[in-house]
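See the structures that follow.
Next, two complexes with subunit A in common: one pairs it with subunit B, the other with subunit C.
Up next is the complex of A and B:
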């Protein structure tokens, strides 16, 4: 029976068809991950699945290579700073967006999410020119600024969504009890939007960790982020070291998602 | 304890006039209710007093001192909101102690004062619950305690009972009134429920489209409304259009209505000859038994048994309709010709107005 016709039959076939669809989707999403994680543990010399035997040699190899480890460290550092700076700025922007009403608020919202709408390549080229103009071309600081810019909308959207759940009467109640704006923010608003802030920080980190195009154009002289280092590596060698590096990235992402789940609960996050 | 003077308060949003010259005054320890339908400006007035809104014009003074330049966190007024506005991440005790913590009170002082006010609003034992774990009535009492624990100069209540069910509403209403009278705090209370307003207020301001239609005691608002709008909003009312013939003494007028001539009390500004309406509350009308001085005659067109009383409607010869209540077992049959006796001390003449 085809999927379309099952739609019109009883509950059960629809349920079955739907379940099948979900399973297929998961298979589609997970197969590459499983393959790459599996391949990273191979005892053979090629990226292959199923892996040939089991060994950690490719992890040893990964951590033994200066270029890849430096890439990982740079990515982690840039990602962490991106997460912190982006979250602070995005929180301030979200508060501002909330204070603006009506048409102004709409324009503000649009402006804040603009980096999502403009193709990454264009932003990267624009930034490259700009950074050279102000003397920050090909520096870590310039790269850092690019990452913050690209990660900002994710944090902004997440924090704005959290802020919308806080009724304005809480601000008013707090003020009537004698609190200054800052006290209200610290004791009422911030604790209530904390889940959104944490999620924004994690999104910003994961996004920064993943960025390729913008890193390629803005990378500092002699420095590589992990995706760039990996790409360079793959250009010349096709060894399971790449699989090991990919697995490390996946593990970092999973830790991020687990943190969100732990601190917020995924149901509330999305 | 504080006196409050609001003079000529104005507020507009683009082309919508929310407040159009509102003037209200409260003497020390009074509870003043702002009564009116939604959009009449009652909440806007309260929010201006609280400092959440900035009026475009007018003056607000407490104890003779203008508060216009004082931000809401320095006004020292307690505010109770319709949706309670409790901080969801704090326990009941933390919510109530919030203002004390901001004032840098010591831990032991906070504990004692929170404990005292909680027993005052009958919440003892709920200190460590979260707001979402207690009922709506309890939440509103927490909100009340949170405001009262700071001993505010002025208590502002914005439809505090609107989200509660009928039984709780009564309970919390009396609690509010009792606490307000015990502590002698001047209070402003916003509601659209006339019976609530009547029951707990010292003074009532009936508001209409950003203005105060009448500002008086509940008794006066009910018995001597200045216009039909006020009479309509404060309870069941019959209106008969009539002709005013001549003044007969201070604030009294002779009128011709439904084929009868009566002397009744009237709005002082009313001139003889002006089109006027006679207000007759249902409880000032009675079906006539034999030998009484009948004012109107009519035919019963509708009746309903309500348990403690009966409701009936009587069509008069000139087309007017009177609603009244009778004793539960009074013989009332549709189609009967009846006479109606009017308690003239409770008849009230107003200028004819739009609704």
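Up next is the complex of A and C:
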């Protein structure tokens, strides 16, 4: 059998083998996500794929669990505040970065993306000590600051990219017609960069929603984010409820990807 | 006009404060912490000492775990390159709606949390999970394999997590290779393999190098994956550091370990950059 199949492959152009390889690699990328979503709808009692029948019982179970729902609510709240704050601060920073050029601009860019370049573990460890020192250890505010810091670069990069597309002649035209800086920003620049700003907010929210290591170290007293609650749940009770929780977070990111795709196109986003 | 410019620069102030206060200061805090004496009531004491460094650098136990972390991250980066290159190639050839769909396919995992994706592997590799069933069904194995809580699964899951970070820079580099260069060499009789080896691979190196560095750095410091899929038996630097910080509350020791990990990572990345300098230069020329 193996002899025949080798012959077959050899006679075919490279194209077929390559196509098969590509399909396998995409399967590799998607398999964990597909199994989770599938397993969450099982009518059986265990996490299994393919699922046994179809039922929504594990979603009902999820929304009946205080620890998991509290985690979801905290994650949503921290994520929303992160998205709003980072987007405002990042828009201001992007306007500043635009005014800097050459080497200064490069340094500024580097500083703004630092939380992305330094491993999360190190930032988390440093923040644990720092927040303890300034009296914000184990508070929601401390956790919130960590999330804002870690999500900031995503918003900054998206908004800077959008700002680069706005021709500077528009600024000058608006100024020569007597508009103040604020008016120019409000009526000319902001509408033009809006897709980038919204994209930045989406990325910041999703990033915050998914953060694990930093949340573990900065965990507020008595509060768990959804990923933390899910990790605990997985270690103590390995039930399809976990698949339902994970599916909810997958759905959130799929909505995010779809929104970004509609707004700017993912090709421009990366 | 000068005033307007100053106003603009002032807009950057909140961001600079954010990065400085919540990132630079905390990291210097960590360095300081690594020199503190152990505490009795608090997680650290008031005085300074070098004892944690002499302990960490003098103990083969820590060197062993460091070596495991560095080697694991190295294999993750290389495997990630092997998996990502064909995907990046395929993506770089696509355009229009197909490209948009492929970007979505590659970016979607990037936007779901690491924990969620790791959990997916727990289901896939379970004893009666789809992977074992498929392999048994195909007659490749007769007994289900125990894959959960092995180093191999940690590596596979990390590769899965970091593929998008490798695909995107390589895709950008491949898109920058002019088509006519490839056509010219084909018309001059070069084989497919020669075109790949002599033109495409070297010219895509400006995407490969940053991809390898990024994945290596991220993999060295990855915590969730080894914690969830590595089980209790296998210790990596990040799991040990976090255990020192949240379990035994020996903050100075944990900091010294974090700094040992950072220094060795910087060393490896520096060496790698130096060794591949020539390849980068060649691609630029």
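The criterion applied here is as follows: the second predicted complex is superposed on the first by the 238 of 270 C-alpha atoms of A that agree within 3 Å, B and C clash if a C-alpha of one lies under 4 Å from a C-alpha of the other, contacts with A are read in each partner's own complex, and residues count from 1 in each chain.
One rule holds in what follows: contacts are C-beta pairs under 8 Å (C-beta built on N, C-alpha and C of every residue); 3 or more make two chains touch, one makes a residue touch a chain.
Worth saying up front: this structure is predicted, and the values here are computed from it rather than measured.
Q: Subunit A superposed: clash or fit between subunit B and subunit C?
A: Once subunit A is superposed (C-alpha atoms), there is room for both subunit B and subunit C without a clash.
Q: Considering only the touch criterion stated at the top, classify A:236 as touching first (subunit B), second (subunit C), both, or neither.
A: A:236: touches no partner chain.
Q: If we overlay the two complexes on their shared chain A, which of subunit B and subunit C does A:167 touch? Say first, second, both or neither.
A: first
Q: From the overlay on chain A, compute the angle at subunit A's CA centre subtended by subunit B and subunit C, rounding to the nearest 10 degrees.
A: 100
Q: In the overlay, answer first, second, both or neither for which of subunit B and subunit C A:112 touches.
A: In the superposed model, A:112 contacts subunit C only, not subunit B.
Q: Contact-wise, after the overlay, does A:18 reach subunit B, subunit C, both or neither (first, second, both, neither)?
A: The answer is second: A:18 touches subunit C but not subunit B.
Q: See if subunit A has more residues touched by subunit B or by subunit C, and give me that chain.
A: The partner that reaches more residues of subunit A in the superposed model: C.
Q: Per the contact definition in the header, classify A:177: touching subunit B only (first), subunit C only (second), both, or neither.
A: After superposing on A, A:177 lies in contact with subunit B but is clear of subunit C.
Q: With the superposition applied, I'd like the minimum CA-CA separation between subunit B and subunit C in Å.
A: Result, nearest C-alpha distance in the overlay: 6 Å.
Q: List the residues of subunit A that touch subunit B in one complex and subunit C in the other.
A: The overlap between the subunit B and subunit C interfaces on subunit A is empty, containing no residue.
Q: Which residues, counting only subunit A, touch subunit C once they are in their complex?
A: Listed in rising order, the residues are 14, 18, 21-22, 25-26, 28-33, 35-36, 39, 47-50, 89-90, 92-93, 95-100, 108, 111-112, 114-115, 118-123, 125-130, 133, 145-146, 148-149, 152, 156, 181, 206, 209-213, 216-217, 227, 230-231, 234, 238, 242-243, 246, 249-250, 253-254, 256-258, 261, 265-267, 269-270.
Q: For a test of understanding, state which residues of subunit B touch subunit A in their complex under the given definition.
A: 50-52, 71-79, 81, 83, 85-89, 98-99, 102-103, 143, 146-147, 150, 156
Q: Which residues of subunit C touch subunit A in the complex?
A: 4-5, 7-12, 14-16, 18-19, 22-23, 25-30, 33, 83, 86-87, 90, 99-100, 103-109, 111-124, 126, 128-130, 160, 163, 168, 192, 217-218, 220-224, 227-228, 238, 241-242, 245-246, 251, 254-255, 258, 262
Q: If you look only at subunit A, which of its residues touch subunit B in the complex?
A: Checking each residue of subunit A against subunit B gives 167, 169-170, 172-180, 183, 187-188, 191-192.
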